[in-house]
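Heads up, the next two complexes both have chain A, just with different partners, chain B and then chain C.
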Partner chain A sequence: MFRGFKTFRLWPTLFNAYGFLFLAFLYLPLGLILLYSFNANPINMAVWTGFTLDWYATIFGGAGVKGSFDAAFTEAPERIFAVVKNSFLVAVSAATISTVIGTVTAIALARYRFVGKRFYQALLILPMLVPDIVLGIALLVFFVGAGFQLSLLTIIIGHVTFLSSYVFVVVSTRLAGMDTTLEQASADLGAGPLTTFRRVTLPQIMPGVVGGFLLAFIISLDDVVITYFIAGVGSQTLPLFILAMMRRGLRPQITALAVLIILFSFVVATVGLLLRNRKP
Partner chain B sequence: MGFLQIASAHKAYHTPEGAQVRALDDVTIDVRNNEFLTLLGPSGCGKTTLLKCIAGFEDLDGGDLLLEGRSLKGVPAHRRPFNTVFQNYALFPHMTIAQNIGYGLDVAGVRKPERDRRVGEALEMVGLSGFDSRRPAQLSGGQQQRVALARSLVLKPRVLLLDEPLSALDRKMRETMQIELKNLQHSVGITFIFVTHDQEEALAMSDRIAVLSNGRLQQIGRSTEVYDTPANEFVANFVGTSNLFTGRVTERNDRLLTIETANGRRLAARSDGFAVGDGVTLVLRPEHLRIAEPGEGGAGCTIEGTVKDAVFVGSIVHVHVDVGFGRTAILHHRHERAGASAAVAPGASVRIAYSPESVHLIAAAGG
Partner chain C sequence: MIAGDTVRSRRRRALLLLLAPVTLLLGVFFLVPLGIMVVYSVLEPGLYGGVEWTWYPFNYGRILGWPLNDYEEFDPIYLSIFLGSLKIACLTVLFSLLICYPAAFWVSRMGERRKNFVLFLITLPFFANLLVRIYAWLLLLRPTGFINTLLQGLGLIAQPLDMLFTSFAVVLGMVYIFTPFMFLPIYANVEKLDYSLVRASQDLGATPLQTFLRVILPLTAPGIVGGSIIVFIPALGNFIVPAFLGGSKVQMTGNLIERSFLQSRDWPFGAALALLIMASVVLVLMIQLTRAARTQTKGAV
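Right, the complex of A and B next:
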């Protein structure tokens, strides 16, 4: 009887400990990078020598670089802004195009019957399962073979090929949960297919469309492997740039940059959640 | 020329297992202008399929639909002058009540002052004035039902199609809405085609009832016709409760027939049709049967039996009587105050009596 009482107390404690450890496992590395980004020690990040905002300042060009040693390991703000601009251009374009393609495809597959539909559906999921490195090489082979000059455009096209699949899946889920009699009701009340789409279908699947866009945007923004193969000389994106910086060692500036990226992703995710939970 | 003619409609489905199901098999109905027509049948009988084909959500495989003589073949749902009240109402959740009701008017390009006036009138008609800016989710089932009605009727359709619109409501609400719908149909003067599996609902509301089973039209007629003179055993069983006895006419005395069943039971019926030797089925409604007083009842107009159950449902008692050969007859006995109904206690031997005039005869299938 007392043993039973004891085990009854033991399990909740174990569950709590498990939950805590799991969160620590997820967030400790991120917390560490946050800490490092404020450490004044320029050589060894693991040794705390004082609080500084210098590394953030070097990104925004607010502080000059002290000494030639640091200069060799620090990128100029103009360079950083150029690649950030590239990344955003790619992410916004690729996400927008993918959202249109993915949404239209999802609607076509959900609402119309045609020969080979199942096969088509499977083909749409495939790009998500193909390893990035294979997709990257395949795209490179394709672009070179087709005579494309590698540029931001090839990155955008390359991203669209697999991001459309992600949007397709997200929007399809939303469509599957939508009451099809709403569209029948709209037609019944005299609305043609276009009006029905604009006034009934689209508002109903909007959370899925926005969610798909944000997912595509974030994936495009931090893609390294595929982008690595199809980026041209003048078309470096932020993740490729950071990778290049890493070749010269993990410098404090990178940790500051990483923190800013985490912050941005957090904002995007929050906006996404807010939009999704907004009352219809 | 009829108003809306359903001319030998055919429609087949393929189940996922590959079997072919005939949802509509040569259904012909002449829908009259301004009538309240009910399509009645068990689930899977084809009534909803027929409604969807009329609305234009599905196409017929064969046959045609004619509105005042003009074929509706190839006319898409949004160009048909019919509106539907859906089983789940299908109100647009992202729009207010006023926007829902005004949707069809907006699509038709009705100008704002007239649109707003008609939306207001429609809201008033269904008793929901002041609910304009609410969302569907904030309304009760009965209120949503009214919005769905208003949304359809505001467009003044030639025909209003109703797909089991009352099935989601509780019993009291359903009975109220039955009366309201009937009154509404009279006041707006629009043809209603109402789909239901509930025979009581059909009897209560309809001008005419079309009974469907397995994709085929079993009978069409006024409520009383369908109830009093069912065309076949299916209708007799589906619309109301029936006690059926099948046999052969053995004697005919003027209009009085004697029918002998396979078990040797001899029953009397009065009818103008049928000759000696014809196979017939007697339809005896529970309200036409009564428990005979000792010594009462002529030859052939009584059935001996033992009371199995007496189910008290309020004003009447449903008495289940074992009449032998594995058959149970159901009769409606008027409820007496406690103590007076000892005669219908389970186990009691009774004689059931009926008048030969109250029997409806159906020609036995193939006989």
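Right, the complex of A and C next:
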């Protein structure tokens, strides 16, 4: 089987063909959304009737909607803007807080020896292993029981509980690959722990910290399930808004919105992945 | 001596300071909520939502088969939905494994630059919003969707195929969503595969099938197991994919939980269902941990 790799060209060709099919499986559905978002046909997106940018225009308020049927299914730009603002507020806050918590925890576990270290290591992995829906309802039950009003704040807290673990993992990987002699030298030369952290440790783990922040940011921005359970009436985020739109029916406006969401996520993810791959 | 003590106590204070935020966060907003859920799952549901503080094991009874009293008959619907979810999660694991395993070999034999680029391409869809990816499959599978329009246009079918709202659609959607989860652990393992062992097996006269079953498969087993667990856990509790691609025809435990919490307001029942999912997850993790421990001891001997 594997000897064939060298002697015949059959196996590599088959493998390549398979590989391209695999990539096509991943990307064709997304490509279809892109294509449909430019289709002028308002009734059936699968039948092409011409190129249009109208659906994008409805998102930004550039075009009025033709016909009362479509108007019932089209969201006003102000509504979309409001939920996008909510989403960004949540994602930036949750990512910032979890980056701080994840980073200091990673430093504590990488640079100190103490009883209960294994407990902390296990505890930090748990939020990533618990199914979303279980964490979502557990938080809902807790917030309601503790008398929290469900709001953007409860969403931020909920996101921080599992995002801190993601940041912790990313920063820990960076710390593990780091040379500790510089930190020791800094301490020997009389720098306090804070100075050593600010001037020596932090600059070295910075790509990990920024990468962790971006990962947390994008996961928070995209989160559907946990947010679904702990969002209040007035605290809709973009994914919940899309969810509500999808339940009412598949309209070209959702398709255009979907394209914008994919593009934004891909740009942020690309920056994050590039940072992570940079060698320490 | 005194200076040493100060340094040590200062280090301890620093450690406490560093650990305080995460302890508070995961203690209050993670462990306590999970604990409350365990308690709720054995309490009586209140008449108008909420709970009554009485011991009430019948939340589990409704699912697993001991009814409240002699007048009530056991309805196996919840059990069958739970078992159905297990089946769908297992099928999702199986099919993602089948498509990711060969792909991992394909990528592992590439040159450095091309390999990094293809790895990037495979990871990227993970960052596209879950709903958007499901939306794409709705556009593909529905009666007036891409696939049916294409097949009808080509004259291959007269009536649109019923692909949406089937187990097939749910499994397909989940395989699509979890592909990066399955691919990366397998790839990490295949990448390290020692080809000298493969050649040795061939030189010793093993057939390609024997080489695969007795050398390649065991060597890549950790990646297969790791990927399977990472896919199984979110697949089992999923409710967004079945909500859209399964409709009312294919229900999973996640849909039941969602409804008990947001519609029928029977929180204890929902908590019991969620804990059954947790129990399955813990069981799978424990099997894996014992297995890993056993392999380690074997390696030591």
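Quick notes
Operating definition for what follows: the second predicted complex is superposed on the first by the 265 of 280 C-alpha atoms of A that agree within 3 Å, B and C clash if a C-alpha of one lies under 4 Å from a C-alpha of the other, contacts with A are read in each partner's own complex, and residues count from 1 in each chain.
Rule of thumb we're sticking to: a residue touches a chain if its C-beta (ideal position, glycine included) is under 8 Å from a C-beta of that chain, and two chains touch if they have at least 3 such contacts.
Small disclaimer: the values here were computed from a predicted structure and weren't measured.
Set against each other, chain B and chain C differ in how many residues of chain A they touch, and the higher count belongs to C. Of the two partner chains, neither chain B nor chain C is touched by A:147. In the superposition on chain A, A:204 contacts chain B only, with no contact to chain C.
In the superposition on chain A, contact is made by A:161 with chain C only, not with chain B. When both complexes are overlaid on chain A, the residue A:114 reaches chain C alone and has no touch with chain B.
In the superposition on chain A, contact of A:132 is made with chain C only, not with chain B. When the two complexes are overlaid on their common chain A, residue A:184 makes contact with chain B while staying clear of chain C.
Once chain A of one complex is fitted onto chain A of the other, the partner contacts of A:249 are absent, as it touches neither chain B nor chain C. Those residues of chain C that touch chain A in the complex are listed here as 10-11, 14-15, 18-19, 21-22, 25-26, 29-30, 32-34, 36-37, 40, 99, 102-103, 105-107, 109, 116, 118, 120-133, 135-140, 142, 144-146, 148-149, 176, 179, 195, 198-199, 202, 208-209, 211-212, 233-234, 236-240, 244, 254, 257-258, 261-262, 267, 270-271, 274, 277-278, 281, 285. Across the interface of their complex, chain B is touched by residues 179, 181-182, 184-192, 195-196, 199-200, 203-204, 280 of chain A. Partner chain C is touched in their complex by these residues of chain A: 1-3, 5, 15-16, 18-19, 22-23, 25-27, 29-30, 32-33, 36, 44-47, 100-101, 104-105, 107-108, 112, 114, 120, 123-124, 126-127, 129-135, 137-142, 145, 157-158, 160-161, 164, 168, 193, 218, 222, 224-225, 229, 239, 242-243, 246, 250, 254-255, 258, 261-262, 265-266, 268-270, 273, 277.
Looking at the complex, you find that chain B touches chain A at residues 55-57, 76-79, 82-84, 86, 88, 90-94, 103-104, 107-108, 135, 151-152, 155.
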